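The following blocks contain the structures, represented as structure tokens.
What follows is chain A paired twice: with chain B in the first complex and chain C in the second.
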Partner chain A sequence: MDAVSRRLLKELQDLQRDRASSAATSELEELAPMDDADLLSWKATMRGPEGSPYEGGRFHLTIQVPSNYPLQPPKIEFVTRVCHPNVRFATGEICLDILKTAWSPAWTLRSTCLAIALLLNHPEPSSPLNVDAANLLRCGDQLGYESLVRMYTRIYAMQ
Partner chain B sequence: MALSPRTSVVFVPRNAYGTSYHGLVQIGQTEHVVRVDLGGTPEHPQWRGARLLGSSALRELLSSQMDILQAKLELCESIEAFTAELEDVLEKQQQQKTVESSQSAVSLDKTPTVHASFYAGLMDELDAVGWDFVFELDDHSVVLCIDDSSGQRHTVRAIMFADFPAAPPRLENDYGVALRVERDVNGRWLTGALRHMNEIVARYQHVWQVLRHVDESLWVLDAEATASLRLSRRIVLANLVLLELTFHPERPETLPSWRFLGSEANIAPLRSRWHANRALWSTNATTRENLEVLLGFPPPTRPTETSESGGFECGICYAYSLEDELTVASGEGERTSLVPDVLCANQHCGRPFHRPCLIDWFRADPTARQSLGVIFGQCPYCEQSISASTLASRTPRM
Partner chain C sequence: MTSEQQTTPTGKEASVDVSDEQILAFEQEVKDAEARERPLIGELEPLSALYSEYERGSPVFCEKIKALDREYQGFRRCRGDGNCFFRAFAFAWFESALSGDDTTLERIRQRLTATKQQLLDVGFDWVALEDFYDMTVELLEMVARQRGQTLTEAATLSNELRLGFVSEQGVYSNAAVVHLRMVASAYLRAHADDYLPFLELATSMDQYCAQHVEAFGRESEEIHIIALTKALRSIVNVVYLDGSTANDGRVSVHPFDGTENATDATPAITLLYRPGHYDILYNRTAA
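This part shows the complex of A and B:
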């Protein structure tokens, strides 16, 4: 078995072991390979963090694992439309340092997804992919930002 | 104990469309990887035009069969059908290889012609050895066995070539000890081999018993892989703390040479206690009892369910032992595997890494720097600086 599959299998085992203990508390509702035959494509579902304008939403993501993982980061995108300063609205592309330059093999698929969940609640308006949302935040219009997010969450993430 | 190399083939689809497969081919202890890419387009994949790709080691092993397999592949209609074809070819190849094995003068694609003198010679040898010592016999090899005083069975496998008994057999055992291949005074090969194996068993019986006890009573890393004359054992003492003991082959009950592995903060107190107590090592006690006295606590036993590597897996590939592909490809039936040997020096981290994994990561990390055969980078976990020699990375033994 190649090194990537071996590592991903270990990650999968760890996930299954931790599932029972952490499912209730984690924002990460689901993280699994798309199908058992291909360990390089995964899907994830996360819940909007409580107390955030994303609360109540369920967000789906796709994860493509490169063949030289964990030397290269996985490619993770939102499938569900998300209004967020660091997510490109049209494509779901995520701007997060660990998915690019700050990647390290110390990250797992799970911890990377948790970092994305964290980003949902803690946007970084200095490196925006969604200029409108970032501008609202930058101008200090927290109320305007939150109602915008809540609207999109209701439209796209609550079916 | 596998007496003949076992082969197995498993194919895993590489995508959801089933247009490409990774195959894991296991021959004995060695893993090979093949790839099957279907022809046609992703929407309309076709077996016609499918391509079989294999590592150079496997291509060499299959030699002329590779073309035949490629032709058969295009006629297959499912990966299951091709799996059966490949298994069939490997099975035959292995049978033939066992016969001809390392005799490089013998060409691989010729079936050996066995003369009547072969069987006459073999019968004569086995009569001389005594049939009680014959454990297994087929038309090209014989397994002789010796039971030691503790009831443990030791075997020697003699592989005969077509020109046996004119030409010597090849001798193998499970311990990696080279056996003398020479005729006895009556001109027979196997009696000499059995006598030599008896000497080896007598010489090492004691250390084997001690090692077996160690493997059973302590948490030894990769205990299954240590069936050879390897006298060292890596014993898990705590998470990320190992004790490596190397036993004396003739006096295994004496204090072995030792080395602690782990972060300095974790091992320093153990090392000083061990040092202070080392005169307490008793040649009458078991290794486990001695460890408890010298360490001041009972060493952990192997957990039944969870990970078997005591947290000592490589922080990059998550495996404990890393097969060294190059060595596997070049070594004659010999397998070396690397265990994580570079440790992060940060005492709060202490992560172990395989040197090759760390080097691969440093090469992918633009902040790492290389100079004079040493590559400098940061621990992927804590950013402590680590260096690794690139020279020794892929060639642990030459």
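This part shows the complex of A and C:
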């Protein structure tokens, strides 16, 4: 078995072992390969963090694992539309340093997804992929920002 | 590294520029091009091979290489893929274990085994790191097994080790690189108060380590050498081959001594540093 499959299988076993204990507390509702025959494509579902304007929403993501993972980061995108300063609205592309320049092989798919859940609640408006959402924050319009996010969460993430 | 794009919430993009993925892909291409030119770890070469590269260039380099030739029997090239310090260290460290006496091998084995606890102590997720650790241990043991069997010559063992480093697209030596990066990172995280004040651009040790120490392919600086030698209680002598004419044009040697006392020392490793790159140097007395 090649190194990437061995590593992914290990992560999968770890996820299955901890599923019962962590599902209730974590925002990560689901994280699994799309198909048992292909360990390089995964899907994830996360709940909008409580107390955030994403609360109540369920967000789906796709994860493409490169063949030299974990030396290189996985490619993770939102499938569900999400309004967030660091997510491109049209494509779901995520701007998060650990997915790019600050990736370390110490991350797992699970810890990476949890970092994305954390990003939902901690936007970084100085490096935006969604300038309109970022501008509301940059001008200090917290109310306007949260209303916009809540609206899009309701439209796209609460079916 | 962030692309600012005028994206509206309705998804209309006013301008398109180069994405981070494209930049990363381009950087990877440059590294891959280098990879095709040089093996991860080369064979032992005389310093005259290095001299010929500079013959028509800098006279300062030429003089320094001649001086090195008198003192060192040769050098071994490492691929310049950003991991050269860690890969050179791993090779030279294991090579010293294999060519030394049983005490040296046992000592290096113990230092390597002890790193597992060092990583767990700073809270790393073992699921993510155990493969790298296991493969690093296996890389050493593959050759150590042959060492025990017969009166195998040191040069043969070195060559077996080299094969272990380059075979299967370097999957074992890449694992060793990752593992040693995590060991250096764990040391810095455990001693954050001592080292953070010296890291100008870092906001936190966690952030610095993830971005500059753990990231595969990220170039090493002095702090990486300090951290690794301290964590493994080893000695690295870095021989600086640069265009400087200070010190009467002699090459300067910077020792990094991570030992705690003289009795637990393992053989010193000598690396040849040219600005931006590390190779391995061999003393005339050794081997």
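Here is the rule we go by: the second predicted complex is superposed on the first by the 159 of 159 C-alpha atoms of A that agree within 3 Å, B and C clash if a C-alpha of one lies under 4 Å from a C-alpha of the other, contacts with A are read in each partner's own complex, and residues count from 1 in each chain.
Rule of thumb we're sticking to: a contact is a pair of C-beta atoms (placed from the backbone, for glycine too) under 8 Å apart; a residue touches a chain by one contact, two chains touch by 3 or more.
Worth saying up front: this structure is predicted, and the values here are computed from it rather than measured.
Put chain B and chain C onto chain A via the superposition and say whether they clash or fit.
Aligned through their shared chain, the two binders clash on chain A.
Could you say whether A:35 touches chain B, chain C, both of them, or neither, answering first, second, both or neither?
It touches chain B, and chain C stays clear.
Is A:3 in contact with chain B, with chain C, with both, or with neither (first, second, both, neither)?
both
Which holds for A:148: it touches chain B only (first), chain C only (second), both, or neither?
Second partner only.
Could you say whether A:132 touches chain B, chain C, both of them, or neither, answering first, second, both or neither?
Second partner only.
For A:71, decide between first (touching chain B), second (touching chain C), both and neither.
both
A:98 in the overlay: touching chain B, chain C, both, or neither? Say first, second, both or neither.
Touch status of A:98: second partner only.
Please determine whether it is chain B or chain C that touches the greater number of chain A residues.
Counting contacted residues of chain A, the larger count belongs to C.
For A:83, decide between first (touching chain B), second (touching chain C), both and neither.
The answer is second: A:83 touches chain C but not chain B.
So, A:117: does it touch chain B (first), chain C (second), both, or neither?
Touch status of A:117: no partner.
Just to be sure I read the superposition right, which of the two partners does A:12 touch: chain B = first, chain C = second, or both, or neither?
Neither partner.
Identify which of the listed stretches of chain C (24-32, 96-104, 114-122 or 258-266) has C-alpha atoms clashing with chain B after the superposition.
In the superposed model, chain C runs into chain B at 114-122.
Residues of chain A that sit at the chain B interface in one complex and at the chain C interface in the other, please.
3, 6-7, 10-11, 70-72, 104-106
Residues of chain A touching chain B in their complex?
1-3, 5-7, 10-11, 34-35, 37-38, 40-41, 68, 70-72, 104-106
Mind pulling up the chain A residues that touch chain C in the complex?
My answer: residues 3, 6-7, 10-11, 14, 70-72, 75, 83, 88-90, 93, 95, 97-98, 100-108, 111, 127-133, 148, 152.
Show which residues of chain C lie in contact with chain A when the two form their complex.
So the residues of chain C touching chain A come out as 1-11, 13, 19-21, 24, 28, 124-125, 127-132, 171, 174-175, 178, 182, 185, 207, 209-211, 214-217.
Show which residues of chain B lie in contact with chain A when the two form their complex.
12-16, 18, 22, 24, 31, 33, 313, 315-319, 322, 360-361, 364, 380-381
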